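Just below is one structure, and these are the notes that go with it.
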Amino acid sequence: MTNNYAEKMKTMGLNFFTLAMVLVLWTLIAYWQKSPFFATPYDIVLGFVQMVTVGDVEGYRLWSHMLHSLVRVSAGFAAACLVGIPGGLLLGLYPKIYDRTRILVEPIRFISPIAWIPMAIVLLVGFSRYIFVIWVASFFPIFVSTLWSVRQVNAVYVNVARVAGASRLFIIRKIIFPSILPSVIGGMRISLGISWMCIVAAEMIGGQMVGIGRLILKSAMVTRMDLVVVGMISIGFVGYATNELIIFIEKRIFRWRAAVSIE
Amino acid sequence: MERELIDVDMSMKFDNLSVLEDIKFKVHENEFLVIVGPTGCGKTTLARLLGGLSKPSSGHVTIAGEDVNPKIHNVSFVFQEPSCIPWLTIWDDISMGLEIKGNNPQTAETKARIKEVIKLVGLDGFEEYFPKQISGGMKQRVAIARAYATKPDFLLMDEPFGHLDAQTRYLMQIEIMRIWEREKKTVAYITNNIEEAVYLATRIIVLSKLPARIKAEHSINLPRPRDLTGPDFLRIRAEITEQCEVVG
Amino acid sequence: MANDKNAGSGKLGTFGYNALALSIFILLWTIVSWISESLFLPTPWTVLKSFLDLCTYGDVEGISLGMHIFKSTLRIFAGFVAACILGIPLGILMGLYPRVYDSTKSVIEPIRFIPPVAWIPLVIVLLVGFSRYAFIIWLGAFFPIFIGTLLSVRSVNPTHIDVPRSFGAKRLYIIRKIVIPSTLPDIFTGMRVGMGIGWDCIMAAEMIGGENEGLGVMILKYAELIRIEDIMVGMIVIGAIGFFINEIFIFVERRVFKWKEAIVIS
Amino acid sequence: MAGRKVKIEVRNLSKHFDDLIVLHQMDFDIYEGEFLCVVGPTGCGKTTFCNVVTGLLPITEGSITMGGEKIDFKKHNVSFVFQEPSCIPWRTIWDDVKIGLEIRKVPKKEINERVSAILDLTGLTEFKDFYPSQISAGMKQRVVIARSFVTEPDLLLMDEPFGQLDSSTRFYIENQLIKVWQKTKRTIIFVTHNLEEAVYLSERILVCTQKPTGIKEEVIVDLPHPRDITDREFVKIRNRVTDLVKWW
């Protein structure tokens, strides 16, 4: 135990050290370069303060950008879950439907969600553009992982309930649903990662002046490299936070998967 | 009694958990030594120590006076877990040990040896198969063939049939006896199955629950092939069962 | 045996149903777009016509569809190869020496969470031309390949390592004969995922990046002109190339990893 | 045996898979409260037999009736212990054991009483909040036994339930099974290929033939529990069954 603790402290120390080294090196190179394209870590901190207190070149503050991006992603993601999970469950339970209409669904899977942006720009306006792109981006991972996991439910568990005389609804609720849940949530995590990438692209191309993607692009246009980096770090942070949230929920729900064994 | 080949006198701890305490025994040449003990008593730890895959925290495990080391000694190990390498064919898998021991797998001599052991374990015709294409019993035969191929001075088997069903297990026991009687080797065989132990062994060492100590030793002089329901067999089996604490 | 026959006829049936579904879909599409006569809903035949026009006459600036495809795939290829060259050896190395990765996590992990697309403006400022695109693709493909390799090295079945160890094999032998073959399927999966993300990134980079050639910029140009049929052609081509690349990966995986129990493809 | 009440009548039972005949005209009765073992060589269609009796697979010919009615698990109370581990990973032991009662919509209070009682009897009370991933293979099989008995089934089918356990754990759980059976007096069909296990547990053994499976002979085991595997009578019966089977 003590050994383990010392090891942990050492790793943490080394992590701090590498991070510090990178920051120092970065600062040195930036000073040496003296280029407007190369912001020092200190500039970035100042940029961050400016973003929080005053806002960007148009006066939008950081929280407003973050909030807009977050709302867009959440709405599109929620819509994808609402369609993808029941849809996957249904088509997983009736595999014939999917097998016989695959040709309509499969090709769409391979169109990069970002390639939908121009279409969304033409057909939709404002908020709905973003939601649509996020929906397209997150639908397939959720849908496909739900569908496949239904097909792979261990037959023994279904038989346990069948032999006891369970109804179809009981089997779906108590056997199939819990058994696919881990892969469904796994699919949701992948979706979320793709969504964060797509929202950035959509915001850069999409027209509205607020959103982290937009912040990054417009700061680059006026060569405010410090604000570009602040935007990048913010999007990284929001992505990280939402990912951790799902991991936290996973750990909570799936205590039964714990690898701890008293054997 | 034949020459002593291996000398064991050691203890093993993981951090503060004592797993093996005062384990002290010798293995004689051409002996079939079986070590039995209850589930989770540190048998696998003992096997790894005997094979030189880990080092004892105190004491020593020596072959002919030298600390056991697979880089020096000709030791072979049959693992409890399925150990066929999934991306190698049966032939390549068996040739691996020979290759590591410095034999060129392309020479006629090496090829002849591989053929010989494949025949010995009855896998002729399966040389080009991958592990996924054969049954659990056959996979364990591959592991045995791989271990035998290098003509080891000392062969270690760690519950090699633990994952097999009862019938396959029984057939494999007959098989391993046939092989051992043909190619006499020094064998240390570790198991939790007492019937299997009495069927195979020339000598049995019984381990206690954790931390494992040596609880008893039996020499088994029953004629072979042994009758599982013979009165002597059942008596010895019952006696050892008594000594092995049954765990829930 | 009769089961086999059943499976055969079932497959034929599935194929037939799929053809039927597609025909009904195209028929419905045609009818609806005829009735609506909307600018936003071109008929399948208009789309086909646009495709042929794009191939022969080129787009509004006279750049042919082939040229767009060529530019996009070239960029993807360059960035992807760079990501493999860096990601695979680095992943193997850091997998073998877990402490190196554990100690540099504080630098690597934050970068992982910044979507590669967010780098585009920075790259526009700092780099020019071809290198812009190659860098973005590299960034997008690198992490799936790197992390996939790293995790796979860490989870090599210990028994498989013990087998040569028990014969006294050297470290290099174990790496060559056990670690690398056992990680290879996961490296491939990482490459497939990396390629998918690279493909997303190239779209975004081309839309924002400024050059006139590439599938991404082509569909954006048509969005400004509100020419749905041409956007559709672009999207279908993008989907087809994505599908084709994925099939190549699956084909290679099936060939190379014959020994795998079952390859899960999704 | 003759005076006992017949519980289940199996008449002329056959099962074909296309052209392959797996079960061929099996004819036997099962008595109320009986512990019946069915033994036969590996791959002789024992699992098919179980699936047919419980109705998971349809019958090709013949009939199985309980009290004059065709077996239907929505109507009759049948429990099944599967060969593969069947603890449901996301349910605690408590929730797992109660699943059969939950399906039958037994009132909550009664569920609590019955589950507590069976967990007491199988010695699992202190593990009731554990998940299957946290307990050993032997304990998982005890959970499955508890789950099958808690519904007070008219018929309990067990398909090689202990095949994957080591021998000492197996004996322990077999003793527990006998204890539960003696207390609850349920009708049990226990399918196995382990002859010793069959003689150790049952009142009557049906010996099956190689595929297509039919019934070769019936052996009555008239020994008191707990039985002693080294007892002369025991060995005699075991040898008799072995002679009948001659499968290894």
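Going in written order, the chains are labelled A, B, C and D, and every chain counts its residues from 1.
In this section, contacts are C-beta pairs under 8 Å (C-beta built on N, C-alpha and C of every residue); 3 or more make two chains touch, one makes a residue touch a chain.
The structure displayed is predicted, hence computed values, not measured ones.
Participant: Select, from all pairs of chains, the pair with the highest number of C-beta pairs in contact.
Facilitator: A-C
Participant: Using only Cα atoms to place each chain's centre, name the chain farthest from chain C.
Facilitator: If we average the C-alpha coordinates per chain, D ends up farthest from chain C.
Participant: For chain B and chain C, let me know how many angstrom lie between their CA-based centres, rounded off.
Facilitator: 48
Participant: Nearest whole angstrom, what separates the Cα centre of chain A from the Cα centre of chain B?
Facilitator: Whole-Å distance between the two chain centres: 50.
Participant: Where the centres are mean C-alpha positions, what is the separation of chain B from chain D, in Å?
Facilitator: One centre to the other, that is 35 Å.
Participant: List, in ascending order, every residue of chain A touching at least 2 other chains.
Facilitator: In chain A, the residues touching two or more other chains are 263.
Participant: In chain D, what residues contact two or more other chains?
Facilitator: 136
Participant: Which of the residues in chain D end up touching chain B in this complex?
Facilitator: Touch list, chain D to chain B: 41-42, 123, 136, 138-139, 163-164, 166-169, 171-172, 193-194, 229-230, 235, 238-239, 242, 247-248.
Participant: Taking the complex as given, what residues does chain A use to touch chain D?
Facilitator: Residues 156-157, 159-167, 170, 174-175, 178-179, 181, 254-263 of chain A touch chain D in their complex.
Participant: Contact residues on chain B for chain C in the complex?
Facilitator: Residue list for chain B touching chain C: 51-53, 69-73, 75-77, 79, 81-83, 85-88, 96-97, 100-101, 130-132, 146, 150.
Participant: Enumerate the contact residues on chain D facing chain A in the complex.
Facilitator: It comes out as residues 54, 56, 73-75, 78-80, 82, 84-86, 88-92, 99-100, 102-104, 130-136, 147, 151.
Participant: For chain C, which residues are in contact with chain A within the complex?
Facilitator: For chain C paired with chain A, touching residues are 14, 17-19, 21-22, 25, 40, 99, 102-107, 110-111, 113-122, 124-126, 197, 199-201, 203-204, 207-208, 215-216, 219-220, 222-223, 226, 228, 231-232, 234-236, 238-240, 242-243, 246, 264, 266.
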